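Look for subunit A in each of the two complexes below; its partner is subunit B in the first and subunit C in the second.
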Partner chain A sequence: MKNRLRRVGLLSALALVAAAPATVPAVAVAKPTITMSGSTTVAPLAALLARKYLKVCDHCVNFKLLQGGSDIGVADVAAGRVTIGNSSRDPKPSDPGGLVFNKIAHDALCLVSNKANPIAGLDQAGVQAIFGGSVRSWSGVPGAAQTGTIDVFSRTPASGTQDAFQKIFMGSSKMFSGASQKGSNGLVEQSVASDPGGIGYVSLAFTKNVHTIPYKGVDCTLRNAKSGQYGGVRNLYMVTRGAPTGATAKWINWITHSKAASKVIATQWVPLN
Partner chain B sequence: MSTSGSPSAAQPRNRTDQRAEVLLGALACAVLVLIAFMIVFVFVKAWPSFADNGLAWFGAGGNVDEQMQNIFNSPADPSDYVYTMHAWPLLYATALITGISVLLATAISLLSAIFIVEFAPVFMQRLLRPVIRLLAAVPSVVYGLIGILVLVPFFGNHVISDGEKESVRYVIQLDGTSVLVGVLVLTVMITPIMVAITTDALRSVPRTWTEGAAALGVNRFRALRTVGIRAARPAIVAAGVLATARALGEAIMLSMVSGSVGFAPNPLDGVTFLFEPARTLAATVVDNSEGLSVKPFGQTIYAFAAILLISSAFLSFAGWVARSSMRKYTLQAR
Partner chain C sequence: MIKTRKRHPRRRRRMAIAALTAAVGCIGVLSISPAGAAAAEAPLCGGSLELNNEIPGIEPPGGLSYKFNCNAQVLGYSIISNRQVDYFSTEVLVLDATGTATSESFACEGTFPSSGFGCRGTSNFGNVIGGEFAILRDPCLKAKSKSDKFKVWVSATVQQFDSVTGKPFNAVTQPFRLKAPVCKTNNTGKKARR
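This part shows the complex of A and B:
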């Protein structure tokens, strides 16, 4: 008898554990929940926007924000695991069908070198020579304070930043095969900051400890990116399965059209209009 | 239900015991099912990559990173998927870094275990044991952070000379992330667990055996070498297997410090060889897990995982064979 009681207790405990994940959405039914995952570049922007949106609409929705990289976001939204997949790369032909890439902002991609080696500027041919591996010594780069070998830091193939860099700066030329591939913006910044002979590229938000190199004579700053003078600008997206509906449509519409959202975006990114 | 396996077969068995036996048996079977399921899952996922390349998958040829880039940018049509992959540089890097670290760690751990068991004063033994356990439990990211913030810049800026950088600069860049730093940090990571296991094994060798040797007139070190270590050999092999498994599976730390290029370091480059970067299989999986959503790319990543799975299975098997062939010289207890 006692044993049976114990077993019932155990079973009900198990049932509780099993039911726990199921009860979370049930509680949230009162308010619609918008879940987002994906790009590490978009995540800080999405967090700031969500905080503002909650204030503006008086907590009309619940937000859940995860990270993982552009491709994770695209895969998650395609599989229906999240309502919005954040992406810092353009749509690709191999992406699953039925996805809508909603453009929410622009982001500047900066070329960076070590602070001890403040390069005065590079044009597209210069970038292609350095990142393509045909110039391997700083003495071959005009205006370099450093001598010796160039250490090139790039990103892994799955990164949205890598995709944007290849398209905007490299065009059809290939990356240097000996370049060190890093997993995130932060790792590239850290590597360039600790290596006097290093060069790399990061999102504008990751340029505090490194020197930003002007591209085609234009500084990589927020102002130049907004005015459209700076060439290295890419798009940030919120990806949905089919056109957004309901609370999601309201939220994306608020980001793209309201003044308040533009103001939030303009702190470190470039608003659409 | 048969009761022949139980030691108390003569008495009627306790029902609680019976139930516990069934429950534990079910759990053990569940683990087996889980492993089988995992192996099948990984291999089914990985199969297209192996099938498309055949044995060339394991060979050298071309640039691994370029091949991965091409796989990643495959067209949407499944019949046009790109699978070409020659993974030799990754396999070689894995074997190289794991091999050197385990060899170093075995030598260091054996010597320090001998010191702790036989020569260290009691207060030092009391101090060393918890410290070694603590070291064994430090998460690998912590080692990775120390590596990338301290060791990599130090090697890149002070140890590797400009001449060495220039000698290979059109092939590969030497920025400090290297085989050497990877091996150093990995050795530090796996040594403590080997020391802990070896120490316990040496301690459990019966005192009378070494005393017998001492009575024949040999010194302490010789007695330990010829009797103690020989008796503890199965445990030393077990420690080696455990350490190798940890080294094989180490991903985060190596992805941070051993370089993120699919490059096969060339031993013909002399000392520079140690400064060249290399990326192991596990580090490749971690670095590229962002791209799992691209189907052929994901399948290639699963192929790397399958190789790791096979190597660790093979490792356990080899360890078991080695231990059972040594067992005749030693205690039967373990």
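This part shows the complex of A and C:
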């Protein structure tokens, strides 16, 4: 009887979870829950940091991690829907008032092409020509192994990566309107990895399956980002409504001040210290 | 004379919770299929787990890689474990049958620690979905009892086609168990019994 009950309980719990793929039952304990939404660049870092923090603080909190893009995170935290809005872009004048952008790390933004088309390097003018749409064929790009049309992959407007790319690489130049907009770093990585004529830009943590293009003669590597040599470095933030308090303050303070957090960040991102 | 058996209050409560959860789960599953949809052939899915001690930022033990595929287009899935999950990869890549990258991927969200997480995206017929997660306990620790054995299930939301009208509809697969990882340290060649 006990076994049957256990089986019924397990199957019914599975059925419940199967009915809503994106929702998962949380551990029902009276602990504060820190909810985060937003940047797809910050999400993998937040997941790694949360695992370490749970060990360090002896499971003092629960975490709920959602994505959606930096603008979604900023809008969610401003509306009080989440505790923290993750953002991979700097504050904008159009952001709601009362938000505090807590800087947690730096990230290298890499230009990427297909591994079958290992571009030797691009300068800012080259980036602006390709991503602005004035050069549409690989035959117009020095050192390209491809000859066909350039397939430009960009990010959706809600993306902090898009905002950072515009600021750092494009300046006042406009993005090519025919670029294929993707919703996450992973989607851009996969698109470029599966298209020999593809080019895009992703966070350094998403470069495993693609060729990283040196920018202004400097490779997009963690070492070059840490040393300050690589020019495509941006800030990552955890945005709160007002100054963080309670469990959220402890969590952000741990990220920005502890050696354990720095060690986690240094695996694929650049710690503040 | 009909014999009535007196049930213990705690057992009754457990039965009531199990029945209620089952009912809610069934309503959730049924509501995804359109009313009157002719039964399409149930999609087949399968996959496995592998120990992964090389996830950047994850100190071993506890790291695992998972991969699975279905003979239908996958639109979302849940990973459920009987061990507490305290990390999952937020972006999951999709490869085709030859191992070549596709332009498909999944974004994962959820709570940790918890029993699992959910992912949304697209993977076409037969393509392989592969991601990572970590559990609190070493997956290769010997199980205390048979029921303590480490298990992981996947339930996928797939697109199916009505066999009469040909119209597409979304359905949820039966939970299927991922093949356990092979623990080489203690029991060479034997599946993990945690």
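By our rule, the second predicted complex is superposed on the first by the 243 of 273 C-alpha atoms of A that agree within 3 Å, B and C clash if a C-alpha of one lies under 4 Å from a C-alpha of the other, contacts with A are read in each partner's own complex, and residues count from 1 in each chain.
As a working rule, contacts are C-beta pairs under 8 Å (C-beta built on N, C-alpha and C of every residue); 3 or more make two chains touch, one makes a residue touch a chain.
Note that this is a predicted model, so its numbers are computed, not measured.
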First, second, both or neither for A:L222, with subunit B first and subunit C second: neither
Partner chain in contact with A:A247 - subunit B first, subunit C second, else both or neither: neither
First, second, both or neither for A:V100, with subunit B first and subunit C second: neither
First (subunit B), second (subunit C), both or neither touched by A:L54: second
First (subunit B), second (subunit C), both or neither touched by A:D195: both
Subunit B versus subunit C as contact partner of A:A260, first or second or both or neither: neither
Subunit B versus subunit C as contact partner of A:T149, first or second or both or neither: first
Subunit A residues touched by each partner, larger count belonging to subunit B or subunit C: C
Touching partner for A:V135 - first (subunit B), second (subunit C), both, neither: neither
Set intersection of subunit A contacts, subunit C complex versus subunit B complex: 183, 187, 190-191, 194-195
Touching residues on subunit B, where the partner in the complex is subunit A: 16, 63, 65-66, 68-69, 72-76, 148-149, 152-153, 156-157, 162, 165-166, 169-177, 255-256, 259-261, 263, 277, 286-295, 297
Of all residues in subunit A, those that touch subunit B in their complex: 3, 68-72, 74-75, 78, 92-96, 133, 136-137, 147-153, 156-159, 174, 177-183, 187, 190-191, 194-198
Residue ranges of subunit C touching subunit A (in the complex, touch as defined): 11, 14-15, 17-19, 21-22, 24-29, 31-32, 56-58, 76-78, 80, 84, 86-94, 100-105, 107, 109-120, 134, 147, 153, 155-157, 172-173, 175
Subunit C-touching residues of subunit A, taken from the complex the two chains share: 1, 5-6, 8-9, 11-27, 33, 40, 43-44, 47-48, 50-52, 54, 59, 62-67, 183-187, 189-191, 193-195, 206, 209, 264, 267-268
